[in-house]
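Working notes, beginning with the structure itself.
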Amino acid sequence: MAETVFKLNNPSLPVVKKRSQKAGLPPGTPVLTEDDTEPSKITILDYDSKDFTEIKPKSIDECIAYMKRKKSVTWINVDGLQDISMLQKLCEEFGIHPLVLEDILSTDQRPKVESYDTYLYIVSRMLDIDGKKNQISSEQISIILTPTFVISIQEKKGDIFESIRNQIRTNKGKLRKTGPDFLAYSILDRIVDHYFLILEQLGERIEFMEEELVRSPSPKTLHQIHRMKRDMVLLRKSIWPMRELINGLDREGQSSSLLIKKGTAIYLRDLYDHTIQVIDTVETYRDIVSGMLDIYLSSISYRLNEIMKVLTIIGTIFIPLTFVTGLYGMNFRFMPELEHPFGYPLVLFLMMIMSFIMLIYFRRKKWI
Amino acid sequence: MAETVFKLNNPSLPVVKKRSQKAGLPPGTPVLTEDDTEPSKITILDYDSKDFTEIKPKSIDECIAYMKRKKSVTWINVDGLQDISMLQKLCEEFGIHPLVLEDILSTDQRPKVESYDTYLYIVSRMLDIDGKKNQISSEQISIILTPTFVISIQEKKGDIFESIRNQIRTNKGKLRKTGPDFLAYSILDRIVDHYFLILEQLGERIEFMEEELVRSPSPKTLHQIHRMKRDMVLLRKSIWPMRELINGLDREGQSSSLLIKKGTAIYLRDLYDHTIQVIDTVETYRDIVSGMLDIYLSSISYRLNEIMKVLTIIGTIFIPLTFVTGLYGMNFRFMPELEHPFGYPLVLFLMMIMSFIMLIYFRRKKWI
Amino acid sequence: MAETVFKLNNPSLPVVKKRSQKAGLPPGTPVLTEDDTEPSKITILDYDSKDFTEIKPKSIDECIAYMKRKKSVTWINVDGLQDISMLQKLCEEFGIHPLVLEDILSTDQRPKVESYDTYLYIVSRMLDIDGKKNQISSEQISIILTPTFVISIQEKKGDIFESIRNQIRTNKGKLRKTGPDFLAYSILDRIVDHYFLILEQLGERIEFMEEELVRSPSPKTLHQIHRMKRDMVLLRKSIWPMRELINGLDREGQSSSLLIKKGTAIYLRDLYDHTIQVIDTVETYRDIVSGMLDIYLSSISYRLNEIMKVLTIIGTIFIPLTFVTGLYGMNFRFMPELEHPFGYPLVLFLMMIMSFIMLIYFRRKKWI
Amino acid sequence: MAETVFKLNNPSLPVVKKRSQKAGLPPGTPVLTEDDTEPSKITILDYDSKDFTEIKPKSIDECIAYMKRKKSVTWINVDGLQDISMLQKLCEEFGIHPLVLEDILSTDQRPKVESYDTYLYIVSRMLDIDGKKNQISSEQISIILTPTFVISIQEKKGDIFESIRNQIRTNKGKLRKTGPDFLAYSILDRIVDHYFLILEQLGERIEFMEEELVRSPSPKTLHQIHRMKRDMVLLRKSIWPMRELINGLDREGQSSSLLIKKGTAIYLRDLYDHTIQVIDTVETYRDIVSGMLDIYLSSISYRLNEIMKVLTIIGTIFIPLTFVTGLYGMNFRFMPELEHPFGYPLVLFLMMIMSFIMLIYFRRKKWI
Amino acid sequence: MAETVFKLNNPSLPVVKKRSQKAGLPPGTPVLTEDDTEPSKITILDYDSKDFTEIKPKSIDECIAYMKRKKSVTWINVDGLQDISMLQKLCEEFGIHPLVLEDILSTDQRPKVESYDTYLYIVSRMLDIDGKKNQISSEQISIILTPTFVISIQEKKGDIFESIRNQIRTNKGKLRKTGPDFLAYSILDRIVDHYFLILEQLGERIEFMEEELVRSPSPKTLHQIHRMKRDMVLLRKSIWPMRELINGLDREGQSSSLLIKKGTAIYLRDLYDHTIQVIDTVETYRDIVSGMLDIYLSSISYRLNEIMKVLTIIGTIFIPLTFVTGLYGMNFRFMPELEHPFGYPLVLFLMMIMSFIMLIYFRRKKWI
């Protein structure tokens, strides 16, 4: 699968691996930093308030030809980045800057929005969690927003935008009545909404881990905490810049831009609130997970204490007693006590007294 | 109960649980994120400086009809979010944006203020503490402030605003002489005042925990500290945005808005000071609770030291002595010492000397 | 005594205790959050560059009557907050806002400055330390600065302003030649100067604790560190806002206000520098006290190591030896070694060799 | 080699060593803070969109003479700082401020950009990693950007700019079609791109260390973590200011400067994004490495627990049993049990019972 | 010596000790916070681009008389603060504000710059390190910069400005050709340059401590780390405000002030960079020293583990064996094993088997 996987069971770092092959090329040279080989797939959804068309053009030329005919809002979705020449042609045809194409293909971009003369370039990260394997995967979604169409370019096949397509097909909600800016907003909204799902699952896992921490702390729990902490670091890295991104779009909308209309601003502000809420929750989780490590360490220390207490109680009671038995186990010829008829019971009594003194001492120290 | 409970005895995370059912719906679709089923309840308090009326309309239509007749300040209070269609009708009637309704129903909103053309939408969080169960519960209070009326929408039944109602009924204080902005302020003031009560109870619990920490640190104390810490994280998350909220209202008041009058600004500044004070106290508590964990760990370490000292003193005194007794307990045929008449007393004397040396060594090390 | 005491020996939290009795009252209702019952005391000092009068009016009416006659700079000092009706009358007479009175009576205010049309309201905190009991106490000083007089309202009897009074009486310094703004500055200057005295005493205590930490770390030291840390948290909470306060006054002075004259600005800047210096020192102390906890933990760990080393050395030398003695203490009928004439000396020699090997091993490990 | 080496195996601090020899000299006196003695080397690359020349002048005079003839974009690259008089002449000839020369020669500069009337002075740091020895080395690259030429001055021989030279030679990319500002950008771009390579290698080392930490934590791992942490501190110190640097260049470009053209701004923004990405990754690594220390400590604590458990189980079972055997090893004349025919089997049975009780106790405590 | 010493071997806090004697005096009263009694010493250096004079006036009147005659740049240097009346006269003569004099005499000022109508008042801190005693000492240098002269007032005798004097005497560098602003810059430049020397020595000490930490961690190392940490806190407190100071001078220079000329601005910016570099290094050292404490704790924990392992291995092997020997050392009359001819060898064999099992168990646990 062509995705950066934050593996949980076998954690791997989000290193910028494929960058090395770009070293020394002129800036703007498109190099794919992924190694999937399945061909890219294009789907076009064209709509206005009255009508909609959905086609899957076979070639990029067919797509461009179609685009030139239509005047309504068009959503071009590209699945997969393998077909670089096709993407290059698409960009050239619509006047997209070569640096944008380079960014689309480098799938380790930070979420951001870049404002060009006639279009906005938006990079966002879609996160997904594989429930069984507990793996969080991250996919880069590039969005190009122009006054008449939206191009969305996904790093891997399969997405979470089916509900948006259904809204267009069934003409539910405001989508069909609004421009491409609302479509771009809808895509970002779906991505942020999906973060909540991931946080839900992480939250459940945290609760499960907390219970386990109380019941039976073990190095396994420790490593799960470590992984969770690392997941949090990575989640944060993906989600934090989204805030800035949406803020940037909002600013764009306020500066009487043609790209973002006034009516969309209120939705962007709502989306901004959601992002803040996601960030807040991630930070709260981080705090809780950090606290768990302290709990783990304290529990281990406490258990060590308990263990040592048992050893010490047994030791301090029996070591002196054993000394006494050793004493009268010596083979000296002249040991008057050994000959005495009450020697044995008296020694037994002495040892009982010694034990009692020890037990009283322990009770005072509150060890038993 | 339809409330997000920060359980103390069985801590549960503030996960955004019900969000998943919204996934994929067009933005602005009202979905209730709570599962209480008791019907919502409306109460109307209408007042000016001379008169006041209090009615409990049976239906939303009755309420709207009443509203259209009256010109004085009106406070519509909605208890419970179950009757979505009623809330929807209310919003439509008074021109409230669908996104606001969506926010009202999502009861995990961050406190905030949103400025619309003809009204302000305020989200705040009321906190409550159940003294017996030590549970902090949080309830979302939505306030819609227009030039002539205030709609307050509460997540669950039962509130802390009875004193405000009494001020209206008995015409005490400034409330009857002022507009809806002062009513909105009064509601927020009650909420913030209530935080102080919660901080009082938390403060008492912290003092109790500190004493227990000194008297007898145990894993129970540790888990209480952990829960307290988590409570603090959640409290902070609820209270911090209040500061920004009130600041936002103040700014609104300064920008010659019709919604917040000049005279109310001074009260908002006072409320702002109170919020800062609450935040300060929460931060101080956080610092103190954090310090308690260090104390716990240090205490455990110290006790381990004490335990080991006892074991070591006993061990280092008696292990060599036991060796000596073992020595003369051996059954070799030719052991001259055993035959000597003073062998036994000499060995006893030797062992006393050994013990003394050890005790002097321990005293030097300041162990006893 | 009517003061918030940060107890050191029996630490109590700065909870906002008396707030609960205010819950539900209309804003601006004066409620005293202290419970001292001694009556308040008024003193008036009236002066210009030529003359000065000092009177102690018996009633508030006498005071107001006096005020109306005089035109020179007047300093009204109120000691104690018990006589609420008197304060209420004073405020009404001079047009002070009810919210100000409420703040004066709530003695847990954060230091701040509030600008009203004809006066400035300043809240500051005076700290004092009781050398014997090691208790830091905090007192709220409210200052109302108008173009012709200064009202200072102290939470408890007894103050540190006697030197200011003497400067007025003896006409030393600039006080008699300047307006009420310089008087207000002088009061704040005394308060900040007094912080240095407290820091001196805390500094001495820190040095003492550091020595004790090196000499003999004990849980007592730990609890002293904890208390010191908490003191720091509270000091910081009191002193930090002073910075903002003085900055606020300075800004007021620059905005061509009638209340703060140009000539006073330079003194305010000087005061600001002193406050920064106090904050710096508090932060330095915090860092040092935090470091002490680490030292404590490390010392404990090191001592545990030392203890375990002793136990391990004794144990690993004597446990095997004791085994050997046990071996030849067995009562088997057929044990050839026991019969051998050199059995005993050989075993003794063997045990010496074993001890030597152990000692060499320990020396290699650098344990002895 | 004339480079500041952050040694990994034998860590050495980035102290500002050679500074002392400058103490007391007038500012602007050029003093070399390195001690390499190989002579400096100059290479000139002169190009426009049609043509390019590459010469290696033997003396600085030849270089200056050449410069005066040509009008196209010129890149003067100086390798090594040993020939101070040559650099001084170069600076004088092109009107470079003496302070700039001083900075060029002090090779511990922080990355920065300084704007002079006719030129920009840019200091950046090139990092390199020696794979075998795990050593990160840092080299200072000074860039002087004027409207017609770029002077790059490298601290040590050998660089990573060969690909830029090839782009000029083969006329690939935009370089030949643009001015000196794009050349300066290209140099910085290569430097930042190279950071990714270093991060890749560090990332691999972190993964390797994590595995080792799980498999077998040892003080060696600890020291590797410490070194890694220190590397991170130093990396951060080198890379953070790059962000500001590029931001500064961008600002320069926006202020209608002659030095940075409009068309380059978009490339600078792209470079800025890359820098942010590098910083993000460094911060993530720092977090992960910090977490590893906690894991190390927890693992050690857990292992100590495991060790103590074994000792305690063995001790608490056998110490009482040994006492019993000692008891019946005593040589009292009158011990009725010893005479009893079932004495021995009964004692054996008693000891078995004792062991069982202990084992049940341990199982309850979940120790076995 | 009249200097605030940050003692390393016997650390003493930077308490603001002498402040108490000022309590209650009118602001602007000059009180010396040091207790040296040697008389102050004045030296005058007067120069322009052509000539220079160096005199040591015997009295302040002689100094003032000289000043009034000359028009060239004059540097008045005062060594020691003991002669308060002389300083007072100097200040009065040149119209220096009493608050400035107060600040000059309070030798615990924070570095700062204060802008008055006709002069700038600069406070800076010179640090020095005594190599043998490892003591960092701090001295306050006050600089008064007017359009025609510079007064520098040093807290103690002996300085690091001899090289500046030599530059004036020998007419090297720009000093003689520039105004008093460049002289003030030169003094600050010397102070900041001197910080690098101190950092060098601290850096060497850190490296030495790191080696010791690896070789043999002991409480001595711990206390050295603690002292180093504290030194860092104090260094930081002295150096951080320098940044703001120089920034302030730079701003002054940009606001078309008569005091700082345009040409000096570029040198101030260079000085600013140096200060940042010093701060960066201090922060790096702080990070490294903090990390050392973690290393110390981890090393101690690891060693404890090693110690416990040895004890546990010895204990778990020999304690059961000793039990067996005890068993057959019992004196029961009827113990069939004792009579058996192969009893002894069989028991020896059994004990060997037991030891082997233990050793295999330890190898599995990777303890040996």
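To keep things simple, chains are lettered A, B, C, D and E as they appear, and every chain counts its residues starting from 1.
Everything below uses one rule, namely that a contact is a pair of C-beta atoms (placed from the backbone, for glycine too) under 8 Å apart; a residue touches a chain by one contact, two chains touch by 3 or more.
What you see is a predicted model, and the numbers here were worked out from it, not measured in a lab.
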Exercise for review: Supply the minimal count of touching-chain steps required to go from chain A to chain E.
Suggested key: 2
Practice item. Let me have the rounded angstrom distance from the C-alpha centre of chain B over to the C-alpha centre of chain E, please. Key: 42
Point to revise | Whole-Å gap between the CA centroids of chain C and chain E | key: 26
**Study point:** Residues of chain B touching at least two other chains
**Key:** 297, 301, 304, 308, 311, 315, 319, 322, 326, 329-331, 335
Practice item. Under the touch definition up top, go round the ring from chain C by way of chain E and list the chains. Key: C, E, D, A, B
Review point. What part of chain E is in contact with chain D in the complex they form?
Key: 162-164, 166-167, 172-175, 185-186, 189-190, 193-194, 196-197, 199-200, 203-204, 206-207, 210, 214, 266-267, 269-270, 273, 276-277, 280-281, 284-285, 287-288, 291, 294-295, 297-299, 301-302, 304-305, 308-309, 311-312, 315-316, 319-320, 322-323, 326-327, 329-335, 365-367
Check your understanding: If you look only at chain A, which of its residues touch chain D in the complex?
Key -> 11-17, 19-20, 22-29, 97, 99, 102-103, 108-110, 112, 114, 216, 218-219, 222-223, 226, 229-230, 233-234, 237, 293, 296-297, 300-301, 303-304, 306-308, 310-311, 314-315, 318-319, 321-322, 325-326, 328-331, 335, 337-339, 341, 343-344, 347
